């Protein structure tokens, strides 16, 4: 009597090549690239689209304000802060009689400048550092990782303050520099992680085998594949920078008066709160809406680029 | 003998963007007290979903849409949340395929077993705690007192599965459902686990429903076999009968493709051609016909019913297997006939 | 605590001290290498010279540095440059107490609110509760904490005039509002993380096993799901503490709480070099210890991890 058991795992049926007689009733799914797929998914996310719209509005306002605002931000005494909102001054006046709307518009300019510039500079520096560290390893990696590790243990705000303290000259450029110096480390760490993982992949090996130069490999092979999380992180850098700047100007470390930064406006509004509320509420809402908008965009991007989520 | 568990016309479906996935599409089977039933099928055949449906653990977005499940005369589908809670792990237990991911990694093994008992108010805390090493010893885990205090990642694969079995049996359920309990384990360990299950079935009289894709495993310990394909039962009957005379081409192919140790070396390894069906887009007629080598015209248009082909044997096919010649062979003979070991019953 | 963990903790402590030394050195050198002394000499040349002498600012840089380091090792963080005779160390320690109280309460708010919202949203995924909570969460972390603080101030001022009307720090009732203003934005971030982690964990096999054993919903969600879900959430523990420290700078300023944050802003504004250097050192130690504490929680939560 023979027993039918060898304990062999059968697995699923495998068709030997060239097997006739297989009738296939399924339709092959449409092929799209990662970016097209991501864009599609992003489009479907209503919140992200709303965020983009709002952000574009802010950008437009910022650009307009470079050339024109309803009133000059240096014009004082246009009325009293307790005056009700009117068509001439849709957002009212502050305690020095300045038009709040004009200030808000200029504030938008600062927000966009600082937000975008910081994000770009931080990303460029951070990605480069991370690529170099992850790709070449060795002393380059030790150096860069050491710096990021130390920077990790120190609150970014403190470093920014130190730089501002030292330079003692508030200006947009200084703020951007301070923010970038503190934030590039996160980006570097992220990129380094991605690079470390990607350099073990076969296509990198293949590129090396055909004699491609290291920098070309990094630029053409590793970087494009690491871009997903990098883009998401870069997007979230924008509200971080805006928030930072708002903090700084709220505390009085921003630009010299009259400082149109929304953070400074909130601080002034706080002082005036027994006279009127609008001087505080308007810039607060402006900050809130802008930050929410960019956060929505970032969330949408992250969901869209997440390779784990199927279509 | 009365059936302890009876499933009739069960249909479980998932509504996804591409359509409706009919994971379980009308199956009937019963489990008698103390019996060992094997449910065999490939991935996507609906065997795991059947088991999950019995315990009403079908994951979202799945739903049981039709049918009845009766345990000891009680209607399982009509139970409320509290009754279900008392039912699970107590009247019917289930153990899963991968014991590493099925055990909570941050809790001690002994605690997880104790917890299973405490959930059903049958033992006090002291009693439950004392029972844990006994249960572990029964599944032949050495040094059970020490092991009970360890975490799952400190166990080997086979030991983890034994611990799962101990946990499943801790409340002395009437039925134990084992979903591919050996698939994730080494070959030698597989045999041990199966032997363990068989011994427990004999000692405790717990009915076992063994779900697997491996016919060899079924032959080892099951007395009754249910073969599933595309969410339907395509054949069922006593193990010996099925192995001796498979009546459905799918069953036949499954058995045919097990390599035999007494065959000549260099012979072809036979496989079942084609791919498992797309459950949102099932073919017309018999669901197996795209991969079947014994088709006649009727197979393409009409789905066969389950008919009786022996005293307790049913099959869902238009073709009488005994009359068909083997297209692969030069010799014109009837489909291969297996001889089963008597002691497997 | 296992031996391995103790060794790890010791190593980290050394790292913390090293970082503190580094930070204080850098701060000191950067500040003192600046052109122009801390004291304006145009107005009061004679007094200026006297102060320079008192603070040793006439000495070459490396001697100043040596003195500083010597003092540092003895726990003496120097003297205030603005208020003469005030020692930095006891001042900071006193203020640290206040900041600690604020910080701990804020942390409690963060954790409790964050957990409740995160778990509820995950368990009722895609219900209206989930959407409402998720929206609240996005607003939560988009709001700058000073905006939240000012709104809370006004709100409480209108609704409960006797309670929140007084800004300051003297009675217990003045703790909740700044603590909420400080902790709520982080609660939103925690909630989001907890929700994502719970959604992941709920699909795991061991949760299915827990259901199959007939455990009650509460036990499955809390004992099985949440315990595992918390593990990835602990990773933000470090940045969370850092964020609360950063946020306290603003919150203390708004609410007039005499803590490290307010001291920070004040001393930078009035350019009190002595305190600034001492503060940075203090902060470096504080953040380092907090990060270490978070890292030591890991093996407690996850027995698979050990610092062997």
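To keep things simple, chains are lettered A, B and C as they appear, and every chain counts its residues starting from 1.
To be clear about the criterion, contacts are C-beta pairs under 8 Å (C-beta built on N, C-alpha and C of every residue); 3 or more make two chains touch, one makes a residue touch a chain.
Note that the structure is a prediction, hence the values are computed from the model and not measured.
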Identity of the most central chain, Cα criterion: A
Remotest chain, subunit A as reference, centres from CA atoms: B
Centroid spacing, where centroids are CA-atom means, of subunit B and subunit C in whole angstrom: 55
Cα-centroid distance, subunit A relative to subunit B, in whole angstrom: 51
Inter-centroid spacing, subunit C versus subunit A (mean Cα positions, whole Å): 23
Complex contact set, residues of subunit C against subunit A: 16, 19, 22-23, 27, 30-31, 34, 138-139, 141-144, 146-147, 150-151, 153-154, 238, 242-243, 245-246, 249-250, 253-254, 264-265, 268-269, 271, 276, 280, 283-284, 287-288, 291
Subunit C partner contacts - residues on subunit A that touch it in the complex: 150, 152-158, 161-162, 165-166, 239, 243, 246-247, 250-253, 263, 266-267, 269-270, 273, 277, 280, 284, 287-288, 291-292, 295-296, 299
In the complex, subunit C residues that touch subunit B: 203-206, 208-216, 219, 223-224, 227-228, 231, 301-304
Subunit B - residues contacting subunit C, complex: 55, 57, 59, 85-90, 93-94, 96, 98, 101-107, 115-116, 119-120, 151, 153, 164, 167
